[in-house]
Amino acid sequence: MSTSTSAWQRFRNSDLLFYFKKDKVAIGAAIIFLIMVIAAVTAPLTAPFNPYDLASIDVMDSTLPPVWQGGEADERFLLGTDNQGRDMLSTILYGTRTSLIIGLFAVLLQSVLGIAIGLAAGYYGGRIESFLMRLADVQLSFSTLMVAIVVSTFFQAKLGTEAFHEVAIYLLVIIIGISEWPQFARTIRASVLAEKEKEYVQAAQVMGFGGLRIMLRHILPNCLPPIFVIATVQVANAIMSEAALSFLGLGMPETTPSLGSLIRSGFEYLLSGSWWITIIPGLVLVVLVLAINLLGDWLRDVLNPKLYKEI
Amino acid sequence: KTLKMAYDADPVSLDPHEQLSGGTLQLSHMVFDPLVRWDRNLKVEGRLAERWERIDDKTVRFFLHKGVKFHSGNELTALDVKWTFNRLRTSPDFKAIFAPFDAVKVVDKYTIDLVTAEPYPLTLNAATYIFPMDSKFYTGFDNNNKSKDALVKHGSSYASTHASGTGAFMVTKREQGVRVDFKRFDQYWDKKSPGNVKEIVLNPIKEAPTRVAALLSGDVDFIAPVPPTDLDRIKKDPKVDLVTISGTRIITFQLNQQRVEAFKNPKVRQAIVYAINNEGIAKKIMRGFATPAAQQSPKGYSGFNPNLKPRYDLNKAKQLMKEAGYEKGFSVTMMAPNNRYVNDAKIAQAAASMLAKINIKVDLKTMPKAQYWAEFDKRAADIMMIGWHSDTEDSANFTEFLLMCPDKETGFGQYNSGNYCNPEVDKLVIQSGKETDAAKRAAMLQKVEQMLYDDAAFVPLHWQDLAWAAKKNVKIDPIVNVMNFPYLGDLVIE
Amino acid sequence: MIAFLGKRLLQAVVVMLILSLIGFAIQDNLGDPLREMVGQSVSEQEREALKDKLGLNDPFLEQYWRFLKKAVKGDLGTSYFFKEPALDVILKKLPATLELVFGATLVIIFLSVPLGVYSAIKPNGWFSKAIMGFSTIGISIPVFLTAIMLVYVFAIELNWMPSFGRGELVHVVGYWETGFLTGDGLLHLVLPSIALASIMLPLFIRLIRSEMLEVLHAEYVRFAWAKGLAKYRVWFIHALKNTLLPIVTVGGVQIGTMVAYTILTETVFQWPGMGFMFLEAINRADIPLIQAYLIVVGLIFVITNTIVDLIYGLIDPTVNVTGGSK
Amino acid sequence: MALLEVKNLKIEFPSRFGIATAVHDASFLVEPGEIVGLVGESGAGKSTIGNAIIDLLSPPGRVAGGEVFLQGKKISQLPADKIREIRGQKIGFIFQDPMTSLNPLLTIEQQLVETILANSTVSTQQARQKALDMLQQVGIPEPEVRIKQYPHQFSGGMRQRVVIAIALSSEPKLIIADEPTTALDVSIQDQILELIKGLCKERQVGCILVTHDMGVIANVTDRVAVMYRGKIVEMGTTEQILSSPEHPYTKSLISAVPRSDVKLARFPLVDYIETAEVAFEKIDISNHWLGQGNHFAATEEDYLLKVDKVCLKFKTQSALLKKNCKYVQAVDNVSFTVKAGETFGLVGESGSGKSTIARVIAGLYAPDSGVIQFAGKELTGLTEAQRRPFRRELQMVFQNPYSSMNPRMCIADIIAEPIRFHKLASSNQEIQQIVGDLLEHVGLGRKAGVKYPHEFSGGQRQRISIARALATRPRFLICDEPTSALDVSVQAQILNLLKDLQDELSLTMLFISHDLPVIRQVCDRIGVMRYGKLIEVAETEQLFTSPQHEYTQQLLDLMPKLTQLSREGLEIVE
């Protein structure tokens, strides 16, 4: 109990919170991010329709414009409907959920894998490094698509199509997570190679710290800035990868739309006038990614004690 | 004049017999000429065959044009036709079409007889596939010491890279997947043809929006196919013309009776047909770029039954489900390709949501065609999508492949993933195959459509429309047709 | 150094072996190649016979062994679709892809460096914020959307640029035909390069900015100011050079990735390169081509990563990537 | 007209815990041709003033008041472009920390040539020639070879000389030299100071020389300003300040100057330090955590450390083929032993391999040949895991404190980490207590713990570095120039602490320094190095009284003779 309160107190006194409260942009980004997370999580409660409930969809309602467009618009559908006649608003709410889960967790998995591998390769060097980096080469040339084929066929065979669809989202996290780690690994390794020659690492070695500690506590924090950038950028990538994989029949079923697949499928309609199918989810994604990037930038700056921060 | 055109794909081979596909036929009509060909109204018109006459139940006699030159300079004779016919019968893709034939008889230098084993009504249909090849040109051995007439399914052969036909165009350069250049054959036999195109550059552009963009930006003069989503835009553009005609490819769902007990019940099948708003799909998803279907045969085919109308009625569907004892519904799996037919995945998705309204819960999986066909062969889902175009432009062909009782021996019902089996239908179709009286035959085939309709043997969706677009000065309207092989030899550019 | 290259070469062979093995292992999941090769009415027996002829029905290990035996002789099989040795097909397509990647790389370098540096120097300026904003849009929009928008604006509306293909080419040597030597070819290169660059550009701008922000606070940058150097020298020589390490690494991976995955851009622009070919190969389940592609791409990765490691050693003299003591 | 005039300069460092004023109301003048010494307490604000003059305060520092004039023109608050013209051309700056001042990715040549080109109109060829000349002048051997190398291939002292060469190469009107000779041996130091003196006298260049070395002050400067706690407390001619200091701090400072003539048991301390605002908390080592340390088992041999025929060469030029590579023999067949409880001094020319041998002992470099034995165990050839038990016992204070600290860890964490890792304390509270104590011992105060390394002055960093090394309660301590950046009073305090530890725990030390008086006070035996070889080893008194090697003699001759000057008017508390 006492430790937990002290941990809380430490957090309350920490630089992190202090600078957070000072930074309007960070607060704004955090609020937007939170709103989106909450909206996504509570989609079943807040969405006017359930886009997964096929019975509620009518093809005759398809591609209706948002209400403010007038014309064919239908007031049931605030943001219009997509090509299947699904309410855009509900679809976006539900889709954001899928995309967020995939975006965040896949990137988490990627970065954990990549960082661990990159650190080990850079720090230990020699055979370990060669092995891990060639593994990265293999992985890179296989990319998402191949991993998806391997993983999803494995699970599809094990689970059958129906059950497969249930776990599809976790599989996508795994697939995208596994397939993109080399990005992180190579970056981290490069930074580690440079950092490990620095004296503070040697000082840590002289102190007798174990390799793991030196890697995690000393080298890693100094290698993080590029990782922050890649990770925040990768969130958007992961969300779009999901759409691409689903198109190849290797991801989410067609009937459970995600932000990415909305943007992807809507693009045919963009030029024929039904811009809202692409643009609105696109905007949602841009805002989401922007918020994540701003938070990432902010965190990176806070974690660098040398950077001067407005007080 | 030079025509720059963009199709979604380029021909896989210069050998007209290697693969039976739209691309090959398009090429054949440019580089080769058939004995006879379909006109726009699905009537047969003579090409290399000046005229023809049915001599008896089994024999049709063709009279060739005289003085027709191949690209190589050789003259076309009946021997070339015979040579071609024999080669066709060794082609895995084409041999099915020519299975009913017994032999080809050379009567004289410019006259031949096509003879079938049994009375056969579709000799002319088959003759549209006979594009005489230059037998002298293809005889002998090439540099690799392989026979020039070798028909190789994959792997290169002389015929797949060299061509000599009688068609209006000669291939001058070919880079597979990138472009094919054609030049007009200056000794082309058809002097009456108004065609004035001297050169053609064919670029395959796979991505539909790019293809449209290429036309709109003026980089190409003529594109096909035009994606439904861009029809409006093209129509509105003052610089280009759009030509659409109702097509002959039927899109259907098959309900697998082996996998799902409920599908054995005709009421359930009917309920499904009633539940699916195919007019809605044609209007909304296909953007009006499809003709809602209630049967397999498109208008113009002998089997087309004008009485059959699309029957969307949700209440009726629910009632039928109730009657069948499935008021509570059930779950099924559905599979569809996502890059084979126009809007295939979207159609499947719409259908899934329509079925949900009669409590049939659909678990839909869509995938690219390469994977889809493997799944289709395995009959991997309860409901599968399949589209069909009749190679013979004849109604019986649909039923033979899609709905006759599956039989490994005869090959009937090869694509019948629903496992629908109605011996009466089978009997009628087989009979029609021997009936040379057109009227009687049409009645039989129309009856088949009626039976399938009543039985709800499959779920008819629509016939995909065909669309082409070209710059205003490129007069494509007279040269396009339902089979989707524009007769470019006759194309006029102003 | 020579030993290092030798070691890498050996590793490359291993990488390629593994790739081909995995490629073989998943071939059954890539679909049935026969369907694309025959018409719809060809019977199942015919198809089976053809399959036998192609050796597709043999046990996996037998196929792989056969593949290896041929691969040793440089024969990676014959593409079902192109009916040519798969390696030839790829080598023919490679120049197009490389030129596209090169074009995109140029775009990336010439945009990301100044923009990244600028937004690091003036992190709070409105222009920097605009750059950051646009870069988020850049990463959130899928490349095919960017590509098609580019085509609509620059090819259709403005009619400045051609909409597809490579345009006029000049033969250079071997399979290499270049579009770099003709005006038309260059014009055709513009839009695809921009489209391809658009996905990578934001990443690079952000990376440069982020690293640069760190480096600008280093003591040696302060000393560089104290030396009285011109500001551009401080920014571009002192600060930028020190930010390059992660950029070069990420860049190497990304260029490799671009080579491998120009798929979408090439498809939209009907660019006759490897990426487009690969997508088609997947669609057609053209297994030999997929195999060969994987192997070639694996090789490209090993090569680019080796080069990156070497460049890395050149930039940072304290790091010894080629091994050996101290 | 004065060359430089600083008027009421006030400099602040705002932080989330409030605003720290680093410099209060500083005013002084520098005339052309004059060398003004700036001495004072470590952390008093000397470097900060220098940085402020050329507008290069490290953020968040800001000038809160006052003005700076150069040749009568106001240069404070100039726009960035204008001030840039002054830097380099008008004012040459030598940063205190030469290790981090050089760009690690550019060769010495590139860094020199660009400076010359930026500040004068010569051709690249001429600039190169000039760069070589400059290196020659600051005493870098083999400049043609060395100029192509990168900073990391240079020893600490060599890097410092490069920085000096760069600053002087642009022929400025004013030189601000922030402790320019801390890492240099006396002979090179002498050479450099002569160089600066020459410039001042011949070209009427002005110079601000920040230093802790009273010998340098006495020999070189014309006037001296003394800083204490952000204020200039006293200013006058060198004579005046050294012979009759007025401010109590100045007095204490001068009294704390280590004597080079006799060896004292402890360094002299002055009351003022103890009563000053930043007080060193008096600690009683014997009943403090530091003094209780685990007592190590005695070794069978009579020495704790044995260095036996160690050789190490560095690659200076890579080539495609191994045989074309070039090498420098940094350590050449060096052998010596260190007994338990003794302090072994290592002196010698800059670049002679002192730091390298220290690193070999610490296990950072593997020697090409030769053996290191510690407590009877052979260390060379051990794997990292096998070596780990010895790591804690064998600690090192790096020559460059700044770069040896993780920039992303706050000081408290840096010091606490080894305690925590080696489980030397039982609870978190205890650790915090110990860390606080250590910070007090080195005169930084407990509150310093929350700050990060870059927020400290050079001397303060050095003290952190020492505190960290002590936090493992080592048995053997390698000190590479441990007090070079410390003012003599703090230095005295710290060296006394080390001595106490030595008495209490029989701490053994390898002590590398250029400061011969300090060496004399601290060491029991001394080794002299030159060109990678150990040329002489002797008992301290013996070495100082009767040096054998000619180089040793030369060194001793050059030792600043300061004693007479400074101690006349002072009582020495002993």
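Note that the chains take the letters A, B, C and D in the order they are written out, and that residue 1 is the start of every chain.
The working rule: a contact is a pair of C-beta atoms (placed from the backbone, for glycine too) under 8 Å apart; a residue touches a chain by one contact, two chains touch by 3 or more.
Quick caveat: nothing in here was measured; it's all calculated off a predicted structure.
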Worksheet item: Among all the other chains, which ones are in touch with both subunit A and subunit C?
Response: B, D
Worksheet, complete the sentence: subunit B and subunit D have mean C-alpha positions lying a whole-number Å distance apart equal to 88
Worksheet item: How far is the middle of subunit C from the middle of subunit D, if each middle is the mean of its Cα atoms, in Å?
Response: 50
Item to complete: Find the geometric centre of each of subunit A and subunit B from their Cα atoms only, then give the gap between the two centres in Å, rounded to an integer.
Response: 45
Worksheet item: Taking each chain's centre as its mean C-alpha position, how far apart are subunit A and subunit D in Å?
Response: 48
Item to complete: Would you pick out the residues of subunit B that each touch at least 2 other chains?
Response: 209, 368, 371
Item to complete: Going through subunit D residue by residue, note those that touch at least 2 other chains and give them in order.
Response: 59, 152
Fill in: Where subunit A touches two or more other chains, by residue
197, 267, 271, 304, 306-307
Response to the item:
A full list of chain pairs that touch reads A-B, A-C, A-D, B-C, C-D
Worksheet, complete the sentence: Given the complex, residues on subunit C that touch subunit B span 29-33, 35-44, 46, 50, 54, 78, 80-84, 148, 151-152, 155-156, 159, 162-165, 267-270, 272, 276-277, 280, 282-285
Discussion item. Considering only the defined contacts, which subunit B positions touch subunit C in the complex?
Written reply: 6, 12-13, 19-21, 92-94, 96-97, 152-156, 160, 175-179, 203-207, 209-210, 213-214, 216-219, 339, 368-374, 377, 388-389, 391, 401, 408, 411, 414-415
Worksheet item: Taking the complex as given, what residues does subunit A use to touch subunit C?
Response: 125-126, 130, 133-134, 136-138, 140-143, 145-146, 149-150, 153, 182-183, 186-187, 189-191, 193-194, 197, 225-226, 228-230, 232-233, 236-237, 240, 243, 260, 263-264, 267, 270-271, 278, 282, 285-286, 288-290, 293, 297, 300-301, 304, 306-307
Worksheet item: So in the complex, which bits of subunit C are touching subunit D?
Response: 1-2, 217-231, 233, 237-238, 241-242, 315-318, 325-326
Worksheet item: Touching subunit D in the complex: which residues of subunit A?
Response: 15, 18-19, 197-200, 202-211, 213, 217-218, 221-222, 303-308, 311
